[in-house]
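All chains are identified by letter, namely A, B, C and D, in their written order; residue positions are counted from 1 within each chain.
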Amino acid sequence: MCRWLAYTGTPVLLDQLLYKPAHSLIDQSLHSRLGVETTNGDGFGIGWYTQEPEVHTPAIVRDVGPAWNNRTLREIAEHVRSPLCFAHIRASTGTAVQQTNCHPFRHGHWMWMHNGSITGFHGLRRELCMAVDPVLYLAMEGTTDSEAMFFLALTFGLEEDPPGAVARMVGFVEQVGRKHGIEAPMQMTVAVTDGSAVWAFRYASAGVARSLFYSTRVESLRALHPDLEYLQELSDDTRLIVSEPLGDLPGAWNEVPEHCYGVVQGGQGEMHSFTPLAV
Amino acid sequence: MCRWLAYTGTPVLLDQLLYKPAHSLIDQSLHSRLGVETTNGDGFGIGWYTQEPEVHTPAIVRDVGPAWNNRTLREIAEHVRSPLCFAHIRASTGTAVQQTNCHPFRHGHWMWMHNGSITGFHGLRRELCMAVDPVLYLAMEGTTDSEAMFFLALTFGLEEDPPGAVARMVGFVEQVGRKHGIEAPMQMTVAVTDGSAVWAFRYASAGVARSLFYSTRVESLRALHPDLEYLQELSDDTRLIVSEPLGDLPGAWNEVPEHCYGVVQGGQGEMHSFTPLAV
Amino acid sequence: MCRWLAYTGTPVLLDQLLYKPAHSLIDQSLHSRLGVETTNGDGFGIGWYTQEPEVHTPAIVRDVGPAWNNRTLREIAEHVRSPLCFAHIRASTGTAVQQTNCHPFRHGHWMWMHNGSITGFHGLRRELCMAVDPVLYLAMEGTTDSEAMFFLALTFGLEEDPPGAVARMVGFVEQVGRKHGIEAPMQMTVAVTDGSAVWAFRYASAGVARSLFYSTRVESLRALHPDLEYLQELSDDTRLIVSEPLGDLPGAWNEVPEHCYGVVQGGQGEMHSFTPLAV
Amino acid sequence: MCRWLAYTGTPVLLDQLLYKPAHSLIDQSLHSRLGVETTNGDGFGIGWYTQEPEVHTPAIVRDVGPAWNNRTLREIAEHVRSPLCFAHIRASTGTAVQQTNCHPFRHGHWMWMHNGSITGFHGLRRELCMAVDPVLYLAMEGTTDSEAMFFLALTFGLEEDPPGAVARMVGFVEQVGRKHGIEAPMQMTVAVTDGSAVWAFRYASAGVARSLFYSTRVESLRALHPDLEYLQELSDDTRLIVSEPLGDLPGAWNEVPEHCYGVVQGGQGEMHSFTPLAV
């Protein structure tokens, strides 16, 4: 059911994030430990912001097929440096395997990724899509619940108030779900960014939400592991938010509690509780 | 802007239709003469009915990329025999190049192909899609005007009365278009089949409609060209309907007049005038 | 390290072989139990002989990407009937993931599949390829050990004496390997067919060879399981040869011993020991 | 038969080269004017050097399918800046359409592109590939004449003396060709770079060689067109070498004479005559 990674911090070559770690996202595409499926081979995508002052949008490169054997992904990762990057590997929950159904999704300078699903989405899709703002609707290209959630959040004011918009989106999905006899439709971790801050949400209408972790502040990690050289090289404002830890270094990964969201900006991070809002 | 071919008659190996003719559909993917573009390399698709009594649906194989270098297409064509086949090569009019945006589209045992476009479709898409029957909507997978037209026709009774349903679909599109300031939205040739009969439509709200031809009855062709052996091998009920002629044999191809539709079944063919119906 | 399936018997719709069984090849692409990898998502291919008297070659349809989400494969399987079929799912052992590196390979009316590898193939490739007959060499399109093995077998007389040719091919690979310090280069199960008979080989220069099973004769299975209706429908000459069993029916699957090959033709099957021959 | 573009100069966003010009390479993929085919839709590739001091290799991103509808290419072009870039669009002259047959080819920090063909390559391929250094042979992944030419040039000392190595490569191909009754096998424009200098060759064994142009020095262009603002923005050491001009600005493009090669480095350019050398 997908795995994702969000990075913000000093600009790094993307392969530091995607390939080098012991249990990298690429490794997770073949051997995920905490996901619903061990294999996430129904597509992948990366999105990155540049260091070009005049380029305001992130690049997104998405494709069907597994991440583990994709050469384009490796070439980009080894040659592109970015201060803020999203990466996602897909295990389809039913919708077509096509480029427009891969994450991250982009709208303007915003990016969005999702792990999870809307239970019974097939029967809710039309009503959810109809609730998307008519102008925004035109930008929808795929058929996933993930993209619909993004465009509902945009409809509910994502660009002004991301946590509130996501809360209203979830509240709306739960409303529509219950109307159709689906008591607990939402299962999600979501990452969204405007290129400056990153918000990450962990929520399920019922039961355990998909796994979500954030990295310990680098200063603290250095104190924990003074012998590890590479920690010296990491910048203080390095933050990773991931579906599952990229490695086993003790103290490096912290679980995001259920029904919470975090926001990272300029090296600072905050955690808040998350509650759906009625719409 | 696409080219297509529909065949009905004695079961033939598909390469007889797709590759062998002098100006075959494959040739048209690279060198179309009558289309808006000479190149139609944004995807292709074939659909064929089998001779298996228990298999009621047609197979559809669609892919992005040009038809002219696709090995799968050639392999299938050289090894599959069918009595009724649709084939289409795509030049995108704006929507994503993906498998779910390639023709033919299928619903149950029906297939649909389209050449042309709905002018200003981008601004009409939401309203048109929202008019699709809510249950049928769930089967829509892409973002093309062509697929929307198909599902509107299904909504308006395609399975009971194809010509009437297509007339209502066109009428509805023209209504919605005019509401949005688009006076003459429809440009189309359409082929639709239930595996037994084939209906082909040629219509434009204004101006010249996309080209459409049908093959002369084989008996007549034999009389015209008594020396041509291969005409002896063709069955009497062989009929081809095409965007542009597959070759130059005098007398073999007849233009479908504007604002008309033809229907072929069991070797018999009829032509009728076509007028959009208000919905 | 790949999984494959070979079928010979009464013509069946290919999905009976590829999708319907409990642990079908499609299931094995995601959850292989006996292979080196659980996931075989680096490409797939099917080859089938038609029932067309004038078509002498098998069709082969191969593609990169996983089998489990490939629509073309499913469409073909649900609509094509064949008396003899090869199917293969790939986990690359190092060479590029491209269509020309997928199995089955075809030459004339022969097909070839392989599970396993030549240890140190990278360093042996040039010498092995240079030993291929100069005219045959021109037909080689990829870079796999599997394809090289096929073309070496063709060079050593596959079309006249398949078991002898494969024995000479293995003998030659072992010779060249030893020359380069690789004592035990060959690891293989191989299936090869001319459209009439199917030969299947199981051999490793050292250690345990990749798994290989053949189906029990249908008459015997019916005696074992008189209650199972579907066995009544299976023709007496149905034979499957597989990397791993397609299901758990007791008595249905028999392991091919190490250093053996089997040949199935016209419903008859024979097992023989297999020894590499010096060249 | 392919079109290509080489750029060296101030780092630019790649879309300035690939998409923005009036008759850009992307435009040439659909409407080439000077090539053998108007359509070059059998694959594409870009290669670019970064501005990362520790990254010594160029990135190469290649794919089958047309350049004109490829989103990954557009995304990269709009978000990646490079001081030296190769781009190529392919029209296959017979070999498989696959990623490993697309240009540019890379070896270490060298890149290579080719427009043209070796006449009768199919019959010469084995002998030419056998002449490649045994260690270099292992890096060959495709089946094109273009790749073989590159690896022969590497064998003949490309890394030490590019013009000499290419001259020996051409001499060798002509020798082998004549031995097989092909009097005039070579048809080529070639671009090769080590990330610092760019060499471009134009040669045909007989008849007219494929078209090749280089851009006028920017200072001279500014003098010719003092009113054009964008010329003010171009750096003095900007140089483009192209199969066909990217636009119609008078005085901007100069044909490379037949049997010549040019080399550009650090803004300086030189032209020399080119003669094959016997090997």
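Going forward, a residue touches a chain if its C-beta (ideal position, glycine included) is under 8 Å from a C-beta of that chain, and two chains touch if they have at least 3 such contacts.
Keep in mind the model is a prediction, meaning the values are calculated, not measured.
*Asks:* Which listed pair, C-D, A-D or A-C, reproduces A-B with over half its contact pairs identical?
*Replies:* Selected from C-D, A-D or A-C as the counterpart of A-B: C-D.
*Asks:* How many Å are there between the centre of chain B and the centre of chain C, using C-alpha atoms for each centre?
*Replies:* Roughly 39 Å, centre to centre.
*Asks:* Two or more other chains touching the same residue: where does that happen in chain D?
*Replies:* Residues 99 of chain D each touch two or more of the other chains.
*Asks:* If every chain is a node and each touching pair gets an edge, what shape is that graph: line, ring, star, complete or other?
*Replies:* Looks like everything touches everything, fully connected.
*Asks:* Quick check on the complex: what are the chain A residues that touch chain B?
*Replies:* 96, 98-100, 122-123, 125-126, 130, 134, 137-138, 140-141, 143
*Asks:* What residues of chain A sit close enough to touch chain D in their complex?
*Replies:* Chain A residues touching chain D: 13, 48, 50, 52, 55, 57-63, 71-72, 75-76, 78-81, 99.
*Asks:* If we count contacts the way the header does, which residues on chain C are in touch with chain A in the complex?
*Replies:* Answer in residue numbers: 30, 38-39, 41-42, 64-66, 68-69, 92, 97.
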